[in-house]
Amino acid sequence: MSKLNLGIYWAASCGGCDVAILDIHEKILDVNDACRIHLWPIAMDFKYEDIKELEDSFLDVTLFNGAIRNSENEELARLLRRKSKVMVSFGSCAHTGGIPALANLYDKTDLLNRVYVESESTVNPEKIIPTPKTEVEESCLEIPEFYDRVYSLAQVVDVDYFVPGCPPNPERIWEVLELIISGKELPPKGSVIGATNKSLCDECEREKKDDKKIAEFRRIDRMIPDPEICFLDQGLICLGPVTRGGCGLQCVKQSAMPCRGCYGLPPDISDQGAKMISSLAPLIDSNDPDKIKEILDQQPDLAGYFYRFSMSESYLERKKP
Amino acid sequence: MNRDPKIVAFLCHWCSYTGADLAGTSRVKYSPHVRIIRIMCSGRIDTAFVLKALREGADGVLICGCHPGDCHYQSGNDKALKRHIMLKQMIGQFGVEPERIRLEWISASEGDLFAKIVDNFTEQVKNLGPLNWKETMRPKSGEYHEQT
Amino acid sequence: MARNEESRVGVFVCHCGVNISSVVNIDKVVQAASQQEGVVVAKDYKFMCSTPGQEMILADIKEHKLNRIIVAACSPRLHEETFKKVLFTAGLNPYFFQMANIREQDAWVTEDKELATGKAISLVTGAIRRVRLHESLPTREVDIKPGVLVIGGGITGIEAALQIADAGHKVVLVEREPSIGGHMAQFDKTFPTLDCSACILTPKMNSVGTHPNINLMTSSEVTDVSGYIGNYDVTVKTKARFVNHDLCTSCGDCMEKCPVKVPSEFDEGLEKRGAIYTLFPQGVPNKPVIDAENCLMLIKEKCGLCEKVCEPGAIDFKDREKETSITVGSIITATGYKFAKPSILRDYGYGIFDNVLTAPEFERLNNSAGPTVGEILLKDGGKPQSVAILHCIGSRDKNFNEYCSKVCCMYSLKFSHLVKEKTGAEVFEFYIDIRAAGKSYEEFYDRIREEDVHFIRGKVGSVTNIPLNDEEKGKLVVIAENTLAGKRLRVPVDMVILSTGLECSDGVTDMTRMLKLSIDKDGFFIEKHPKLAPTETATDGIYIAGCCSGPKDIPESVASAQATAAMALKLISKGKVEVEATTSWINEELCAGCKLCIGVCPYNAIEYDEEKGISILNEVLCKGCGTCAATCPNGAAMARHFNDQQILNEIEGVLLS
Amino acid sequence: MPGTIELIKYTSPMLEIAQAVVEAKGEELKKCYQCGTCTAVCPWGNLIDFNPRQFIEEIRLGFEGFEENSWKCVNCRLCQDKCPNQIDIPQLFQSVRSILLAWQSCPSELNFALAGIRSQGNPWQEDKEKRGEWAKDVALPEFTPGTEYLFFNCCANDYDTRNQAIAEAAVEILNTAGLNFGYLGNKATCCGDMAYTAGENEIFQSTSAKNMQTFTELQVEKILTLSPHCLNAFKNRYEFEKNRPTSTHLVETYSELVKNEILKPQFEVNAKVTYHDPCYLGRYNGIFDAPRDILQAIPGVELIEMNHNREHSFCCGGGGGGAWLDTVKGERLGDLRVLEAVEASAEVIVTACPYCVQMLEASIVGLGIEDKIKVMEISEILLSSLKQEEK
């Protein structure tokens, strides 16, 4: 059996997804046995030109992590799509925009200003802000164009499978790779693999009350939560109910942190944040509008909280320009 | 862009939809830019419906339910209220004026009031201008390269 | 039908005569509909709800193998059922249907024809998008429990209870007061025949008291209702009576001995009663109760005279409030009315001058079993020489009750007759309009006019005791305009009767909550349809009779009581009833057991299954509000016929332009 | 007076007035429910602000101000026919008038007429001994017991020179037909209808008693009248102790005679003719067809109907004492009636009431349209077709 041709690429991402692939530990050797890796920026040295020279659909599988933040991300996404038989959106950023997409709540100008001018650690008295083209004496310097918003991979190219997670759970990663290597029949195109259909609560062993009531939103940094009781019953916003399972409860169980939603929307849900409002709001323990507002004021960044990983794939996607 | 506003209204079957029917049987005229969607109870309204409507081109979304205490299903309207307040607190972060979404209690006998609210809300939304969410969100015809 | 089967939509646009077509361009709507994906046929017709209209749909379903139907016409509240039957006849599941409301919510509310047409197209497009996702739903039947609960023991409740009991079925009649009879028991004469109220009411009350099929629960109130048509579980709270009615012989010794004297509610405070009392001498049950708030024994543990004189030993100071649970198939609400006491009464000197009476007070004053043994007397015992009757006090008045109370004109005419007959006094009726619509009512009005009663068209502004001349000294002076002669009037009289209107009775809010009924802007229960279902409500199996749905006179109340009895008997004789299939359900494949839905269900229809680790929905208890579906964080709880995708599609559809 | 303010006057009911009206045959007062139909149909509504509905309201609560309006009603009876409560509204006016008369509050012209009836048996205060004078040269036998018909002329036809022509024509027709009839001459006295409608019950009682006594003495069984007022008085108002003689208006007699071809209209009367229904003949006694039958039997007559015809006829203004009251120009009902006839392009107004003839002719003169239209009593036009005019 010939080896599978594999590509691994990172676009707008932190690199955690690449590291997570290494977290499958010694199984990486099995991967190496089964695959020939043609592109893996974090681990190996390859040039874009090499990819361009490959025949179309040469790569059997590409694991693409990271969101589409700039023109380079987009260019590579298009290129790899052309060169790959199977395009896998790998990790939250590629899947639904992830953390980078939180920047969708701000305009491009605001972001660049913040980073290059306003931030406390920046010294930029001339207030120079990078632009795609900069004329210098002898030539014109080009850098990738910074987009006004962050896209998910699927918003830019056709995607065959989605592996969610920030990062994906190594066990799930191995299951996915094993499935690909085994040559077994793959699930229908467009499927989310490496995650369950049920929400995280299904796996969560914390005790849940029948009649949940929230009289006060509390914050995890101000308290030590009870490890046995549902976070919602403790007044802590947990996105577990609106998030797919499969992560292995890394936050909820091992770190005693409420779920932040990285595994993305359950199958029949179209907007994670909106669903969170629909699910969470009825728990508020008051029918008095003023009191409700008061309770909600304890949580000033609802959009950031509810769309922490899914902004690009939400109904509104971004702040109105 | 100057066009007629588009408004989606979700009306609960028992009070508000009946109230809107009463406006009809009483031949009360009101702004024709509202599109009514009947649901059984305002408690059925998923926040996603509101965002979906905005995304699909609505400039405003009106939700009408039974008056507090009068819900045909006892307390669905309380849920609608809480979701509504929560969405209003959040939606500004997306640059959407919270005034584009409105919750009103309309009883089965308040046909006149329904018409008044629709007119008033339409005027309010008109003043805010068109939202055109879909058009501004997506770059045109497959070209993902954005204009600077 | 398999889910993936191609949907073949038929769109039928109704002109409704010219109701729709005079505003909406029907051709354009048909044209637009026919271009929508999945639409096989789009047609219009003058009256879609007519037999030929229905037959046209039927024929098209057959001919074009349609499997989804849209009718764009009036409100689904009017004709959804009609067209669902057409689908059923054609062998299609009735839920493969959607109505677009282009009459009440478009043609009738829109002036601009072009915009109305655009709106109609949007609504139809939304309906098409939605109907393509409709799913086949099974019909559900539930058994009808044979018992009937009647709430309220006035003439309406009495009549309804007797009709059902006489048909051989069990009735529980719950009355708040210690006796049934209601307002009618307070009256002496009834209009327009002037027959004696007690003479026609008492036999019916006795029949209720002795009927083997009627469980009469007086001093009782309904405190909780749960369940659904055919199966209502009702909790009734019975106040402590402190008299064992099984032992009591109705001798009345206890009442004679009771040293307490408090104003009698039944006599509108014109007479006193003891702390142990019967509501009125002909009450049913005709046995006394002790009023815990005023009984010396119960408040201070002093007295006990009644206990001493009671030979059978029926007095029981240890009696406590009781709760009874009953199950019935349907409920008739006959909670009646109360006489309004608007603050405007003071403008007419009520509570300030002697001899200014409200209508119910006059009823008692005139009653031969009342405080004056039926003599119409002034406070000082003298006979009035002149009496003014003031119509529409607090009625037809946007400051108080906007509506016409319907019976006041007629009872005022009755008062005139009685005053004339008993005292010969001059009687002045101050009215806005005389409303005497009813069998023999106009004739009664004719008769009263000829009895030399002075009718003055004009509502009274005020009543004063400040005289402007000798003639007015010591009199109540009624100030009004005679609008027919255009003159300001001062009419000195001895007695003023204020014709106050009818309001829904106290406790209606509790009833609304328990029975899930709606109230109109005037505070009365809303009927299912004002013309075609005046005694039904939006809640199946709950009926409304008498004045709780609006002011009615005795014959109308009795007729509505009989109508509700027929409705209840219809259910009993059928034994089963079809109920809405549009409940929610929980997809076990998706439910993660987060329990969020459990707390939001208003009917406790969802329970957690420990073994499966998921939530289970009891569809018999579910009423289909869909709150659980909106709440469920991962789409496991779904509302049938109102699922997310159907609604999202409709949103898309109505926004396409 | 310094320091005082004149307050708006309030009215208080004076129920004694209503009571008095009720006692004076006005008990139907109570039935009124103030719908205003009477005001809406009253012919006066075309000319002046006269409101019977308000009049009723005022009298039943005894408000001031009703006196003035009490004399307006012309007894045309249209209101009564339309009243949903079938109230005899003319009677209410008569009841009120009777009270006003008792208070000596009555227009002077009417007082004159009433005094005339009282003293001379006719409202013009003409000599009662000269009543039969006009008949001296006419072939008119005296009524004696055994005469079949009593020809009861009207005060107007007895005394007024214009109206005497009507009586002469009538007598000639009756003679042509060969009827056995006779005349009371000075033995007759006014029928009293005018006194009755003026509320002067006492005069009516005495004058009617006098006539009834004469009828009884002369064994009168059948009366032919020329005036609908006399007809109505004999038929409906006289309280005969024993047998009430049958009273017939001459139009009915003529019509019967023409139908039986005893009278044969043969000479052409080429004219556009309209018929004015006198209130007392039409609405009061239901005689509508007889006069029209006669006119249609006359060769050459083109019968035109006015808008207000038959039971909707429009009063000439002469009834209810109206003929005696001075009415200012522009407020005359007769003027409206004449103009209506002109509007209908009639050349001749035919009627069957001596007062109507007088009122309408006065209007024609007043309006100055004598060249356009003239008034004929039915006897006159019939006679002209029966006999060639002597040139």
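A, B, C and D label the chains in the order they appear, each numbered from 1.
The working rule: contacts are C-beta pairs under 8 Å (C-beta built on N, C-alpha and C of every residue); 3 or more make two chains touch, one makes a residue touch a chain.
Because the structure is predicted, anything quoted here is derived from the model rather than measured.
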{"item": "Steps needed, at minimum, to go from chain A to chain B via contacts", "value": "1"}
{"item": "Chain pair with the most C-beta contacts", "value": "B-C"}
{"item": "Furthest chain, CA centroid comparison against chain A", "value": "D"}
{"item": "Centre-to-centre distance between chain D and chain C (centres being mean Cα positions), rounded to whole Å", "value": "62"}
{"item": "Whole-Å gap between the CA centroids of chain A and chain C", "value": "57"}
{"item": "Gap in Å, rounded to a whole number, between the CA centres of chain D and chain A", "value": "108"}
{"item": "Whole-Å gap separating chain B and chain D, where each centre is the average of the chain's CA atoms", "value": "77"}
{"item": "Multi-chain contact sites of chain A, meaning residues that touch two or more partners", "value": "269-270, 275, 278, 282"}
{"item": "Residues of chain B touching at least two other chains", "value": "43, 46, 48, 52, 79, 83"}
{"item": "Chain pairs in mutual contact under the definition given at the outset", "value": "A-B, A-C, B-C, C-D"}
{"item": "Footprint of chain A on chain C - complex, ascending", "value": "589-596, 598-600, 608, 613, 627, 630-635, 644, 648"}
{"item": "Residue ranges of chain B in contact with chain C within the complex", "value": "4, 6, 8, 13-15, 17-18, 20-21, 23-25, 27-30, 32-33, 35-41, 43-46, 48-49, 52-53, 56-58, 66, 69-76, 79, 83, 107-110, 115"}
{"item": "Of chain D, residues touching chain C in the complex", "value": "8-13, 15, 22, 30-34, 53-54, 57-58, 60-61, 63, 85"}
{"item": "Touching residues (chain side chain C, partner chain B) in the complex", "value": "75-77, 101, 103-106, 108-112, 115-116, 118-119, 122-123, 126, 509, 512-513, 516, 518-521, 526, 538-539, 582, 600, 602-603, 623-627, 629-631, 639, 642, 644, 647-648, 650-652, 654-655, 657"}
{"item": "Residue ranges of chain A in contact with chain C within the complex", "value": "197-202, 208-213, 232, 240-242, 245, 266-270, 275-276, 278-279, 282-283"}
